[in-house]
Structures are given as structure tokens and as C-alpha cells.
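Some structures are shown below for you to check.
Two complexes are shown next, each including subunit A; its partner changes from subunit B in the first to subunit C in the second.
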Partner chain A sequence: MLSIREAGVTEILEATMSELLQVRNLEMSYYTNGGRVRAVDDVSFDVKPGEVVGIVGESGCGKTAVSLSILRLLPSPPAKIEGGEILFEGQDLVRLSGERLRRIRGDDIAMIFQEPMTSLNPVYTIGNQLIEAIRLHQQLEGKAVRNRAIEMLKLVGIPRADEVIDEYPHRFSGGMRQRAMIAMALSCDPKLLIADEPTTALDVTIQAQILELMRDLKERLHTAIIFITHDLSVIAEMADRVLVMYAGKIVEQGSVVDLFHDPQHPYTQGLIGSRPSMDVERKRLEFIPGSVPNPLHMPGGCPFHPRCPHAMQICRREMPGETQGENEHGVRCWLHLDKSDDQARPLRAAVGAAEE
Partner chain B sequence: MYQYIARRLLLTIPVIFGVAILVFSIIRLIPGDPARAIAGVQASPEFIEQVRARYRLDEPLPVQFGIFLGDLARGELGRSTFSRRPVATEIGERFPRTFLLATTALVIATIVGVSAGIVSATRRNSMFDNVSMLFALVGVAAPVFWMALMLQLLFAVNLRMLPATGIGTWRHLVLPSITLGMASAGLMARITRSSMLEVLRQDFITTARAKGLNERFVIYKHALKNALIPVVTVMGLQFGILLGGAVLTETVFAWPGIGRLLVDSILRRDYPVVQGTVMLMAFLFVIINLVVDITYAFLDPRIHYQGEAGE
Partner chain C sequence: METNEIPGTGAQSHGYEEAEIPAVDLEDEEVSTGTVAAGRRRGVSEWHQVGKHLLRNRGAVIGLIIIGIFVIGAVFAPLLATHNPIQNNLTMRLQGPSSTHWLGTDALGRDLFSRMLYGSRISLNIGLISVAIGVAVGVPIGAISGFYGGKLDIFTQRIIDIMIAFPGILLAIIVVTVLGVGVQNVMIATGIASVPIYARLVRGSVLAAKEQSYVEAARAAGLGDASIVFRHILPNCLAPIIVQSTFQIATSILWAAGLGFLGLGAQAPMPEWGAILSDGRAYIRTAHHLTTYPGLAILFMVLGFNLLGDGLRDALDPRSRGN
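Here is the complex of A and B:
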């Protein structure tokens, strides 16, 4: 049988240890030929057991960099974690020895990736790759390993699992491969699953199926999930809490309800405003002017100020600290902080007015 | 899988047939009388007539070709105009020596080249990587005869550790096989390195690491099998070249193999031997390519499935 952790046990776990993962002031840079790129800049967040935390942001905002930093899966060089800590059940993954980190990878923390077409090894069967993960972390022998693998494939809804297990990945469709990846990731009952854009490469119907599957598995297995995506509707469906990232920094975080109904940061407001709406017909979509800054020439102060409709003098000079609202709803924006009249002078003369 | 192998086997037939046409044409396309060419420059008119009759060179070309193919099938390759011995005997004597030399060189090249390539790829831009890639460059670029002479000078003349030339014991094999192996090793190290680097960038390598596999498993199980296809291609090509074209090495080390036989025969205008040797080399190349193709299918399951899907 599947060793699904029972709900009672999870509750005890939650009571004894409120945070599963605590990321504190994480700093990660890439050293490229063009210079140093600060991909993750002073990022802090928590994940509680069984919780789904969504990370949203545009391409290149550092959301994947954060997710890969947790298991130290970034190739080094060019990537280097330069500061902060990543506490998983109290141990700092940043400073853990390679050997002990390997024991956590795939066992306590598992990962699935964006491209199901390339994230399975084409020259080994699905079963081989699945069994490899199980054998590495679980005390199972011989036939039991294979049975466990077949059971995992059934769990993620792959038909004819006992035959399909000996097939090579190229015989699978994209959706099936992503299911197989999920089976692999969940095969050792991880406490935390990091899903890096798991549905982005799939077409919409398959996307819906995979999300449904993940939601279902989350309910049954009580796995905490870090769900990375640029798709706000996916976040709205999946996440309990959301982090909004821009240019390597978390600009806003809060519960999914607070964030969607009461976005505080102009960037979050822009993102939410630019979603197509079912209610309003034939309105041109809102958009955020400008584009993500070149990481090699990051603007000073708040990185969003060149695109921000509310930009003030101070935004150009200094990155604001976090202000905490109710419900751990945090935002990093000068609009919510005290400043002098001089600092609050608009950076651009009423852009909106000039356009009208 | 068997279907794939069978199809590959069938595909070798037209290639061998094409080579047979070319070899058949060599004698008939050179200026002048083929009978004279086969008999040799100093042959008497009577002998030339004898040759013409024996090889039935007075028959129409298609008939001649039929006879040629028949002879070929029976392993009847004619006689050397120089030694007067059957070509098959001549080749049979030389070929095992070349085969021994080529195989040893290939083994050296594979062990040295592939392992240097793997280590270079996994420790990219390290001291080891830079030094081994420099050696690889030298190995590929240095002329074989120069390398041979340098090795002879060092190990045979100065250190007196190994014989400079000739055949007989395993000690005679060392210098020529190292000479041949070095050039191939350089090429294989570079191919292995770039192929490994390519594979190590793939997503499934990150997947393997995320599972908690140790680095050795990631490299030798997940990366290497994917990276081997171009390496096997180069191995096959190199083996073909080593079997046929080790002329310089065989000459410098006085190693009486097939490469020297071919060059000597060309210089002596010993056409039957040239025909036989070229035919053999072409045949070997076809066999090696067949083995390489079959190896691909074992390395990458997509290859034979693709063939089946195409039907």
C-alpha cells in the first residue's frame, strides 16, 4: 500500500513545527561575461507544512532561480549563492554538505520542471527512472520497488501502468510525461514539492488535468508545494499564499484572497489589471508599460520605478523595506511608507494626464 | 530491433555492389590495355595474351563484370603480378597484423580519449581541462610520421626501452599503436568533451540531480549514455581509417601491414593486389558502419522506433 501520511500525523507535525521551509535574505548571483547579475536579491519567505505557496512574476524575475537555489541545483559557476539561509526543518540547506543535501533531494524535497519533453532521460525507460528514485530513498527490495513504481504511476492517472512502466519517454505525450515526473517526485513522500512552471509547456486542456491532479494529490498526501508560474489564473486556483517577484526581489506577499482583492504594490495591481476579464466585453487589455529591466543594468532604488505610474523621487534612490499589513500581507513600496514632501515629488509629470 | 538490424543489413548490399563497380572500373579505366596493366610493364606479348585469356578481357564488359562478381564471391582475387602469389594469400598474411595494430590503437584512443573527455567536461575550465585539451590539439595536429620519429628517438634510441621497428613481440606493438592511438585519442577527447557538455546542460540532468543521485551516477548513468552517440560515430570512422590508412605509421615502424601493401602495390602497378585491398577496405568500412548503426540503436531507443514508425 501507499504510505500516504495520514492527516492526524500531519496535524501533529504542524503543531510542533510551524514552518517547514524558511528562506531568509537569500542572495544569488550569476557571474556572466557581461558582469554580475543579481538574480535573487534579499528574498525571504516561509512555507508551512501542507501549504501551497505560489511565486509569480514575469520571465527573468528570478522565480526559477529561487526554486533551483533551494536544492542548490544551479550550475556553479556561473551561479553563486552569496548570502542568506534556507532553513528546512531547521537545517540550513545553503551550508549543508553535498552528501547530506543529496539525502534531502528527492526524499524530503522533490522537484518537477517546466519542460516534460526534456526533463526525462530519453535513453532509459520510465520505470528505470522511477525505480531509481525509489531505491535511492526507500528501504524497499526487489519486486516491492517495481510494485511501488507501478502504484505511483496509477496514482497520477497513467492507464495500463504495469505495461507503460517499461516504455521509453518518447512514447509518452507531454501530459503523460508530466504525470510521470509527478509520480517520480512524489514516489518518496516528499514534505515539499517544488513545481517550476509545471503546466506552462502543456496545452490548456492538459494543463487543467495536471492542475486537477496536483490539487487532488495535495489533498491526499498533504505535501507542501511551492508553485512557480507566470499565470495568475493558475495561482488563483492553486495557491494558499502568493509571492510576487520583480527583478529578483519579492515586492509583495500575502494570502491569495488578499492579493487578488487588495493588491498593494503597483506592479501587482498592474499584473492583476492586465488579466482578460470575462465580464467586460471588448475592452482593450490593460498592460504595464515598458519591459523588465536588463539585469546587467538594473535601475537604482526600486527596480520597478521606470515602469511605475506612481513613481516618486525617492523610488529612484532607495529600495523600500517591507511593510506588514494584516494577515501577513507584506509589500515593499514607498507608497506605504513615511517620506518627506520632497521625496514624494512625482518622478514624471502626470503621465496619465498627458495622454488624455 | 531485429527489424532495424535486418534493414541495416539489406542497405549494405547496394553499397558493396557500388564498390565492386568502382574496383572493377579501376583496371578498365586506366589508359591503355587492361591486360598489359595486369600483366605488368615488362611482361612479354605472349604473357599479356595469356592474361587476356585468363581474365577473359576479350569478353564484353557486362560479361566481364559478371565474372568479376563471381570471382569475388568465391574469394578469388587473382594473383599478384609482383610476387606471383594469390592476392588472397597476400592479404591474408598482412591483414591480421594491421588488424592487431588498429585494434590496439583504437583501444588506447578510446580509453585515453573518452576518459579525458569526460573529466574535462565535468571539470570545465579547470587545469586538467586546459592541459588535456592542449594535448588533444597537439595529438590531432601533429603529423603522424613526426610523432612516430619522436617516439622512436625517445624510447628506442635514447632510453633503449623498446624496439624502433619490426614485428614479433608485444614490445614491437607499443610504439606504433601509441603513435596511431594518440591522434585518435585527441579527436575522441574533444568529441567526448563537447558532447558531454551538451548533455550536461539538458533538463533531465537537473532531474537526476534533483532526485538525489550522486554526481558519479548522474555523469556515468544519465549523461554518458546520451553523450556516446557522436563518440561511437567517431570511433567507427577512426577504426576504418586505422584499418586502411595507417600507411605512414606502418612505413616508419616497418610494420608489414595492409596499408603498406596497398601503397607498395600502387607503386608497382600491381593491379590485382590493389583491387583486392581496396575491395577489402571498402567491405570493412561497410561492416564497421553497420556495427556503429546497430550500436546507436542500443544507445538510444528512439533510433529504431523512428525507423519502425516511418514504415
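Here is the complex of A and C:
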């Protein structure tokens, strides 16, 4: 690996230019009757072309809120993006609206949802819906559209695609529907695919097939993927890089190997520790005590401190900045700030990370 | 896994110079011509299937037969009528059913059967046109109100509340009073009176449908609001709209009959069912056929539309259609 110091200025410039998606200090809140809920709090990350970025965390930690913010699919009100930018190929999606935003949705950025059973409109055939998606973004006419739709269904491994295309969704199994959703999402060759827990509703064998399919398609089409899940094994299987979110904040990010072999944040350690293991026999699974804090009454300082085994006085008062380790492995925890004050500087904004 | 054998995105794939795109094999050509034919066949069989399912439903068939009889009667009224419906014959007043006057005669000696045949033209028209007005105005109002929500929704719904606070027939009376008496105005009045019902009904269905993830998926695919509402949400609200419409046709016919009864609808000597019923009211003890037959006609037409509506709802839903 090229260390930061060895990289020349031009390479760094190229590296920044080549980012497909740059999320910078994103802040998003829901305004509810009970008050303001900060669903996404100062989140920054990058996605390179062809890269798979996994986002993990417990339910309600803001994974989906991040993905919906990128496509601006949040209903407003109650949701409001309050700060930061989402640069997609240099274009700030936060400031886009109307027609230009719609042109990006489905064309450059596509999304797959958690519930394959309800993500397809029950009153149209699969073909109808695929054709609609293709027509919207591609200059194809008549027969060509239908052929393209059949081609997409074949691509995602649906047998007898030319017959199945005229079936209604209720005759598809969950796995077939998710394949159809993937076909629809990929039909316009998106540069970025956001997959929000695409396998959660499926049983394990189908899960494996869908993951295999997505990996295969990624290799073939070079589509970057943001993969959202609460399943660490799925992340380990799929992702190149992983973001760990807790209470709307990214607490740790790094390559999948670093993160699993050397988790830095107590929360990540807890998550990895609570997985069932095949090698060690245990009577009970490990777990992280407590539960995700009520977003209306977020604890001060680091939101994880009430559940953290290493919590210190300072954790209650202040949220630490990011400590950058080797290989773009970043963590936001006071433990690491104290330990490595000299080598790793806290970074207020992750933008500066690569350049310095 | 099958994924290893599947063909690539082919010629349409662009912008992925590095991607290994498997060559498009000749098989694609065959597939395309085959499926277009299949598609055409399936497009036809789609409506065929709806029809088949409808005909398998006994209630719907009965409804169709009833409506069919009324429609035939209305269309061929001049051929089927045994007498001139507005020809008085004071020597033959208030006759009971007989071989010359199949359903008897009214107080002015007019043939009831002929009058009711012509009357079915008016009643069918009133039912269909007023529902068309109600759907055309009420559905978009309800859809927009439910889809956008917020202040617009509150504002529209309060107006709808005010309209619903009046009984439908009263609302129709108000409209007729403003527009003037006559069959055309009765259609408009009953149409307007059914607008709030559709607006409220559709708003509720849209509120439920817009939370479905296929709506989110459609938005993520880059669809605009208009196509989301009209292509994705409304077709899923079709079942309640259709059912309501069949009830509403029936209700409109009843309202029109009521308006006719009150003298606000069709004017004499026009043979409208409500008006016939109203005229016969005075003779209910001596010549009950003047109220019985028009009453039965209204009852059967309403029943026919309700039965058909029930069957249509099931037949139009691909999920309940099964195989």
C-alpha cells in the first residue's frame, strides 16, 4: 500500500477527482412532535468507482437515513438536510432539485430496497415496470426496450426471462422479486447502486444467491455499491470498505480486513464479538449491554458511552474527532486519542485526511 | 449458479470500457422476435382473463344480465314501446296491467310500460354521466390532497367536510336550485354531490398506497410526481373507486328519482322513473302498479350495478385472479 507521505501531489489530486461520491459533514434531522431527532450527524465518507462500501449498525442508527439522503428520497417535512454536501461526480445533490435530481435518480444512482415483496407494484407485470424504468432514462424505442428488459432479466439469472417478463409480481418468489428489482436498478447502467438491506427479508440460501449475483454484476459492470445491512457476515462477504454507524454518527471506518481483524472502536468490537463463531463453542452469545439510545434524549458526548465498557469521564462531555490510522482506518473514540496523540492527529473534517 | 451463463448487457451497455462484456450471441435475435409475438398474445389475453374471471362470478353475470336488459330496453325503446309514452288517453286512466297495456296506465291514461322504457334512457344516462362527473373531479382532488398532504390537504379536506355535512340529495337540490330545473342540471347536481365522496375515498386509499415501498422505488427510479400518482398509486386504488362507482350509479339514479319526485328533475311529460313514481304516489291505494313497477325497476338497476361492481373488483385485481 502506498503510504500517504509517499504519494505525490498529482496522485492525491487524481485520487480526489476519481471519487464517485463524496459525502461531507452531512447533517439530517427529523422534526417530530416530540422534538428534533438528529438522524444523521456529521457523516463524511467517499465511494470510489467500482467500490463496495458497507454501512453497518443497529436498527435506528441512521444507515437508511444516509442512503435516502443521498437520493433525496426523504419526505420533507419531517426530514430536513441541515448541512453538509453530497457530491456526486462533483455535483452537489443537496442543492439539486426537480428535473435535474430526477435525471440522476435511477439513471446514475439506483436503489434496491429491503422489502422485495412490496417494492414491485402489484398491478403491473414485471416487464411493464422494467420497461418503464428503461424508457425513462434511455433513448430506446419499441422492440428494443422490451429486448433490453428481457436481457436484464437474463442478466440477473431469471430463467425463461422472455416468458416471465409478462408475469405479475405476486407470482414471483421473494428471491425472484429481488432479482427483478436488481434488474430494474441496473437497467440504466447506474454508476452507483444503493442496496438497503437487500437480503434481510430473504432466507439464507436465497441470500447467498443474491449476494453472489451482486458481486458478479459488480465485477462485470463496475458499478459502485453502497451496501447497507446489520449483518456483519454479509458485510465481510461483500464490502471493500466498511462504515460503522452508531446513533447517526460514523464511529469507525476502514477496509473490511482492517475492521474485522483489528476493530478499534468499542462498539465495533462489541458488534464483532457478538457474532456466533464456528470455532469457539459458547453457551450464550456475547452482546452489547443496553440498547440504542432514544434519539430524542441522546446522551451528551459520545452517544455510545452509556454502553461502553471503556467509558471515561471525558466521554460524557465531548464527542471525539476522528483518529486516522494506517490505511484510511478512522475511528472516533477517546481511547485512541489518548493513546496516540503524536502520530495520529484528530481530524475535524475527513476531507483533509488524504491530502495531508 | 445460472449467473455464470447469463449474457451481458450487450450493445446497450456503455461507459464501461474495462468491463468484460460477453459477446451478444445470435440467440438474442431469435428471442426478440419470439417474445414480441408472445407479448401481443399476452396483451390480448390480459383483458380476456379479466372477462373470463368476470363470467365465472355468478353475481357479476346476473348483474350483467340485468344491466343488459335495461340497456337493450333503453336503446331500442322506440321499437319496443307499445304506445307513445306521452300520448294521453283519458278514457283509459289508471288501468291495471292488461294485454294492451302490459304494465297498466297512469292517471292520464299513458302506457306505463312505454313510459318506463323511455325512462330507462334518462335514468341510465343520469347514473353514468353523474358518476363520470364525480370521478373526473373527485378522484384528482382526492389524489392530490392525499399525495401532497400538508396545508393543501387540510384546506381541501375542510371544504370536503362542509360538502359531506350536507346529505347528498340536499346538496343536489341546492345545485339544481342554483342551476335551474331540468334533466341536464340533475346530472350535474348529482355529479357534484358525489364529488366529496370520491375525494374522501381516494384520499384515504392514496394515503395508504403512497407508503408502499413500490412508490419509493418508483421515486428512486426517477419518476416525477405525476407519473407516480397516476401510474403507480391510482391503479392500486382502483378497486374501491370501481366499487364506489357502481354504488354511486345506483345512488345517483335514486337521487335523480328523488329530485324527479320533488319536481326538480325531469319535467312533465318527460317519462323519468322518479317522476313516474312521484305521480303515482296519489293513487297508491287504487292503482299500486304506478309505484310498484318504477320502484322495482329502480331496485333492479341498482342491484345490477352493485353485482357487476363486486365482480369487477375481483376480476381487475391480478392477485385475487390467481391462475
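Convention: the second predicted complex is superposed on the first by the 318 of 356 C-alpha atoms of A that agree within 3 Å, B and C clash if a C-alpha of one lies under 4 Å from a C-alpha of the other, contacts with A are read in each partner's own complex, and residues count from 1 in each chain.
As a working rule, a residue touches a chain if its C-beta (ideal position, glycine included) is under 8 Å from a C-beta of that chain, and two chains touch if they have at least 3 such contacts.
Everything numeric here is computed off the predicted structure, so don't read it as measured data.
Colleague: In the superposed model built on subunit A, check whether subunit B and subunit C fit or clash.
Modeller: The answer is clash.
Colleague: Per the contact definition in the header, classify A:M181: touching subunit B only (first), subunit C only (second), both, or neither.
Modeller: In the superposition, A:M181 touches subunit B and subunit C alike.
Colleague: More residues of subunit A are touched by which chain, subunit B or subunit C?
Modeller: Larger number of subunit A residues touched: C.
Colleague: Determine, under the contact definition given at the top, whether A:K143 touches first (subunit B), second (subunit C), both, or neither.
Modeller: It touches subunit C, and subunit B stays clear.
Colleague: According to the stated criteria, A:V23 is in contact with first (subunit B), second (subunit C), both, or neither; which is it?
Modeller: neither
Colleague: With both complexes superposed on chain A, which partner does A:V331 reach: first (subunit B), second (subunit C), both or neither?
Modeller: A:V331: touches no partner chain.
Colleague: Name the contact category of A:L221: first (subunit B only), second (subunit C only), both, or neither.
Modeller: Once the two structures are laid over each other on A, A:L221 reaches subunit C alone.
Colleague: Which positions of subunit A sit in both the subunit B and the subunit C interface?
Modeller: The overlap between the subunit B and subunit C interfaces on subunit A comprises residues 71, 73, 102-107, 110-111, 113, 115, 118-124, 132-133, 136-137, 168, 170, 181, 184.
Colleague: Okay, in this complex, where on subunit A does subunit C touch?
Modeller: 71, 73, 77, 102-107, 110-111, 113-115, 118-124, 127, 132-133, 136-138, 140, 143-144, 146-148, 150-152, 154-157, 159, 162-163, 165-166, 168, 170, 181, 184-185, 189, 209, 212-213, 216, 220-222
Colleague: For a test of understanding, state which residues of subunit B touch subunit A in their complex under the given definition.
Modeller: 202-204, 206-214, 222, 225-226, 299-302, 305
Colleague: Within their complex, state which residues of subunit A touch subunit B.
Modeller: Against subunit B, subunit A makes touches at 68, 71, 73, 102-107, 110-111, 113, 115, 118-124, 132-133, 136-137, 168, 170-171, 181, 184.
Colleague: Please name which positions on subunit C make contact with subunit A in the complex.
Modeller: 1-4, 6-10, 12-16, 18-21, 28, 31-32, 34-36, 38-39, 42, 150, 212-214, 216-224, 231-232, 235-236, 238, 317-319
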